[in-house]
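Written out below as structure tokens is the structure these notes cover.
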Amino acid sequence: MSVLINQETKVIVQGITGREGQFHTEQMLAYGTKVVAGVTPGKGGQEVHGVPVFHTVREAMEHTRADASVLFVPARFVKNSATEAIEAGVPLVVTIAEHVPVQDMMYCRRLARDRGVQLVGPNSFGIISPGKCKIGFMAHRIFSPGHVGIMSRSATNCYETVFMLTQKGIGQSTCVGVGGDMIPGSTFIDILPELNADENTKVIVLIGEIGGNEEELAAEYIKRHVKKPVVAVITGKNAPKGRSMGHAGAIVSADGTGSAQKKESALREAGVHIAESTRHIAEILLNLREEYEL
Amino acid sequence: MKLLEYQAISLFNQYQIPTMKSAVLSHGECFDDIAGAEDFRFPLVVKAQIASGGRGKAGGIRFAQTMKDARKHCRDLLGRELLGYTVYQVLLTEKADVRSEWYLSIILDRVDKCPMIIFSPEGGMDIEELARTQPQKILRLPIDPFIGVQPYTVSYLLAKSGLSPFYQDELYKVICRLYQLFLQQDALLTEINPLAVCGDDERIIALDGKVEIDDSALYRQKVWLQAREVMPEEDFVKEARAFNFLYIPVEKTGPVAVISNGSGMLMSCIDLIAKEGIQVSAALDLGGGATADRISQGLRIMLSTPGVKVVLINIFGGITRCDEVAQGVRDAVENYLGKGQFVIVRMEGTNKEKGVAMLEGMDNSLLMAEDIRQSVDLLVERRDLL
Amino acid sequence: MSVLINQETKVIVQGITGREGQFHTEQMLAYGTKVVAGVTPGKGGQEVHGVPVFHTVREAMEHTRADASVLFVPARFVKNSATEAIEAGVPLVVTIAEHVPVQDMMYCRRLARDRGVQLVGPNSFGIISPGKCKIGFMAHRIFSPGHVGIMSRSATNCYETVFMLTQKGIGQSTCVGVGGDMIPGSTFIDILPELNADENTKVIVLIGEIGGNEEELAAEYIKRHVKKPVVAVITGKNAPKGRSMGHAGAIVSADGTGSAQKKESALREAGVHIAESTRHIAEILLNLREEYEL
Amino acid sequence: MKLLEYQAISLFNQYQIPTMKSAVLSHGECFDDIAGAEDFRFPLVVKAQIASGGRGKAGGIRFAQTMKDARKHCRDLLGRELLGYTVYQVLLTEKADVRSEWYLSIILDRVDKCPMIIFSPEGGMDIEELARTQPQKILRLPIDPFIGVQPYTVSYLLAKSGLSPFYQDELYKVICRLYQLFLQQDALLTEINPLAVCGDDERIIALDGKVEIDDSALYRQKVWLQAREVMPEEDFVKEARAFNFLYIPVEKTGPVAVISNGSGMLMSCIDLIAKEGIQVSAALDLGGGATADRISQGLRIMLSTPGVKVVLINIFGGITRCDEVAQGVRDAVENYLGKGQFVIVRMEGTNKEKGVAMLEGMDNSLLMAEDIRQSVDLLVERRDLL
């Protein structure tokens, strides 16, 4: 078992004929990911690394009934490509690009929820179930199969954590980059139920940041539903303030929403182990290693 | 990208949100350069355009009873330093006959992940205080992007604020137009404070405006993309942007600058350093896939930040190759390192060994670390040198 | 038990200060319906037959947490009022007016589905659970409590049927006017699961018409899920053809979709009793009377 | 409301959907009244504007090689009877250099309950035949109103039709504009058949157009509301509309007309009567809450329908009061009943007894029934009188 993706997951690559698309298709295929189709408008009928290319996602879905689509398209085309995948009924859509206009994501998120599609990203490394399947561009060599499920807003902090875990011999079940943007397609509470239900995931790691209320909502969910140990880190305690010119920012955060303090105390109250740094995560997991057979 | 007041006001005018009659003067111009200056009805308000709050107390907002006053204030303010900013523009507006002041903004709400209207019948300078002490006086109403602003949205705001339905039509117009502006200009925030009820006919007029545009959308907001190039902004930010890097000022001063290939790891670094009581003055996000020459330039920019003694580099290469990083660092250290400055490098990922080998044998000005913690430890050990 | 509404259902009347709104509020109150609030923009603070009036549905919901809203507003205001009710989170929205622009309903239906709201109407008499609650303008005297659940696209054919049933002493559990418009908020398959699950409903009556595919979809659902007897009538066999100028109508109905023949055969195949007329419905139910204790 | 071809073409022009150069001539005008008639490139097509198919075979479409031809055809067609309609307008268009003919329509789909694009690469006259024999050659694609028409929508249509991506941009423009027209004009149907690929540069041009507007939305489509008043239409339909009734022609002729206060019961009546082998010529839907004088007028209209011997009235009064109905019926029978005509009335609901009492004692020209079935039985018994 694994979360969201596994060795059976059939994947469409949107933007497959581009430089990034070609490179990462090759990488994903080499890792064992079942890339079954590519999409580039106007280039239907071609092949990339043996993968058939279609003009549209709808055709690709008709031919392959794929389970997921990953977008290797520039930020300005994400809205269109994600909308296409959502409308074509792809159940899981992963967007990679950074600098996607925020209102584009607002629209895509709204549409995905409406249509019951799991949208992950943007500004995400993707999703990996080590040894089974990867969707995205993560440096997969540092990952190893195991029982720690990870959700992270930051790619680099996730890499850092995974690197240390793998070095210590602690593998991962599934790692999900929820992405660092203001409006992510999925947030911690969208992924938590999956990790919680997954029998292969014994411990959950949450790599959070200041801003938004995703960690607070996660804390609420954990308190109610999660029995597995959860380890969390909140970075950005000393990040520069937004230097907001308007009053709106101050009004919105008048109750402390978004601060590291608020997040950590909510998580702590939910029984979550709070780590001081990514390295501290690894230390905590080493302590849990025996009990949970990590 | 945060617009200055006069730019926000010009957007309001473009979207037919009522404002007072106004004109903008730039550095080098004088009052009489305004076309139709003689048609202004005095008194006028003369406001220095700077990207900072508190300008009123600092003397940046003045009243002119006469043409002569106005000339003097313009001359006086233009080009002057105020709160650390140079005044390149002044905005002149006719003074409103204010009966009451409301607060209105539309922001992209991180919590609901949709646009949100914030409205209060008690606007003006004390809105932040009100938010703390009487949060119930500030209404927040999400806008479903598939529904938009509806007449009932405005009826609700008025009813809950205890205001008369008399204002329904005018306020509806203002909110609809502000929402249009918000969407079409790719705004993250639009704010009118105060939104004032003016005169015997109780017209609703925007007396001040704040607008923030999404940087990621500037490619399709060409007007603001161009405007940004000529806006007063830190030189480092601009210089970094030319290489596609994000330069983030952190503390006002500090002996440390940090570089990484992702904002998450930058935050981790800053947190660890701050915990040791050492101040970070700036951070640089390289993003993905930087090449040797770009890394060299990034390092140069950080080394030239005033007061910086150490640059701490943490790279976890996914796409980025460590030998490229090493080459860039080597080049920068050889060419741009100032007296007493040094660099701490930690890198991990593709071609790590090759990269490490390339940096070996450099002198004390370049220290190698195995992980983030060690990179900070190396810094702490050299606290005396900072 | 009853379907959609019962004696506990708290109802908002939108357009309560209008002539129709006032009259039917009085009627509904007299029937025992819990009308808890009215809404007319600009008239908040007034009262109609003792019912407090609010400017907006959102306020009415904050004060009453109502379960349903009924719209006594002219056709041209239905879109706005229904949207308001849906956005304010009213779980059940009933629209009465006829001649609502079709594209307005297309929008409202889309929004209601998205938000999980049950929208009934337009061009509907409403919903009645005899003896418990009525929402709408139906002539309630002809209805009587009992065990026949009715869904009808036509108000007059439903009245006719109910009148005969009540005369014969066969009562009704709940009668729902799904409405006669091209794009109804709810169709038979939205109501069927409710009637099927309702233990007080022993027999289901479906009063259909030519056009659309609601009866075909109902037949499919009945075949799979419904064990209770279902009686159906399809009217309009001899109605004038649409005299469509374009080819699109012919293309869309090239497979016979929408014809009485197709509907009746689909329903018959699903084990439904096909009635020739509304009177025939009553005759069939009389035959079922003993077995099902109607 | 179904628009005539020239009205559809004028909408296409308004929405910048490419059409051939054209002009409209009305009854009473002649070819030389067209401003710039001399600029037309011959040959021209001259098409009679009537609300009926099959006009080509009936001689309603003609080709003019010269100015003289065009004058003759216009003179010949305008004012003439064609397939039962008077030709009030002709549409003149330049003849296209057609390479291939596609089919495109956007309709409000009753099944999916959203707009649907119907497209085929084999358009033209035989599209209905194609729908029966090779339905796979006709693509149907729903439009989510929250998404709209996207470039990929069009890519899909082209790919599945085996057409080249060459047409992508032009077809996308046409479909977007047609969808705009569809939404903004409150259309139920928009159809372009053929949508032709023309000339060496393979431009896409709408050669014919059909548009149907939602009657319920005419209050906000003022242009068409006005146009409807002057359109050739059955007088009865117009007369009934003046009283807010819906007059529905059923069979071409028949001795029976039916009246009810809802379309459902009307259909029930017609079904029962048709089953007895008797033809219904027309039906009248009173809607809810008709008053005595309006009912009297409705009855008058039906009694004056040519060939009608019997009017069968079925009222199930929810809001409608039976005494009002009775008053109206009584009035109409006394004033408008022709020789040999009679009326069958069945009514149920509020104030039934009072109403029945009011109609008692009338002569054979007015029969009372207890329910629908009996009302039809009374008719069948009098079959010989029809």
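Should a chain be cited, it is by its letter among A, B, C and D, assigned in written order, with residues numbered from 1 in that chain.
The working rule: a contact is a pair of C-beta atoms (placed from the backbone, for glycine too) under 8 Å apart; a residue touches a chain by one contact, two chains touch by 3 or more.
Computed from a predicted model, the values in this text were never measured in an experiment.
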What chain is the most remote from chain D, judged by the mean position of CA atoms in each chain? B
With centres defined as the mean C-alpha position, give me the chain B-chain C separation in Å. 54
Using Cα averages as centroids, what's the distance between chain B and chain D in whole Å? 59
How big is the gap, in whole Å, between where the Cα atoms of chain C centre and where those of chain D centre? 28
Touching at least 2 other chains, the residues of chain B are 144, 146
Chain C: which residues touch two or more other chains? 114
So how do the chains connect up here, line, ring, star, complete, or something else (other)? ring
Going by the touch definition at the top, which pairs of chains touch each other? A-B, A-D, B-C, C-D
Touch list for chain C against partner chain B, complex: 41-42, 44, 54-59, 80, 83-84, 87, 111, 114
Which chain B residues qualify as touching chain C in the complex? 144, 146-147, 150-152, 155-156, 158-160, 165, 168
Which residues of chain A touch chain B once you look at their complex with the stated criterion? 75-76, 98-104, 106-107, 109-110, 114, 125, 137-139, 152-160, 163-164, 180, 182-183, 207, 209-213, 235-240, 244-252, 254-255, 257-258, 276-279
List of chain B residues in touch with chain A within their complex: 2, 51, 53, 103, 105, 107-111, 113-115, 118, 127-128, 131-132, 135, 138, 140, 144-146, 183, 186, 188-189, 191, 193, 210, 212, 214-217, 219-220, 248-251, 260-265, 267-268, 270-275, 280, 287-288, 316-319, 348-350, 371-373
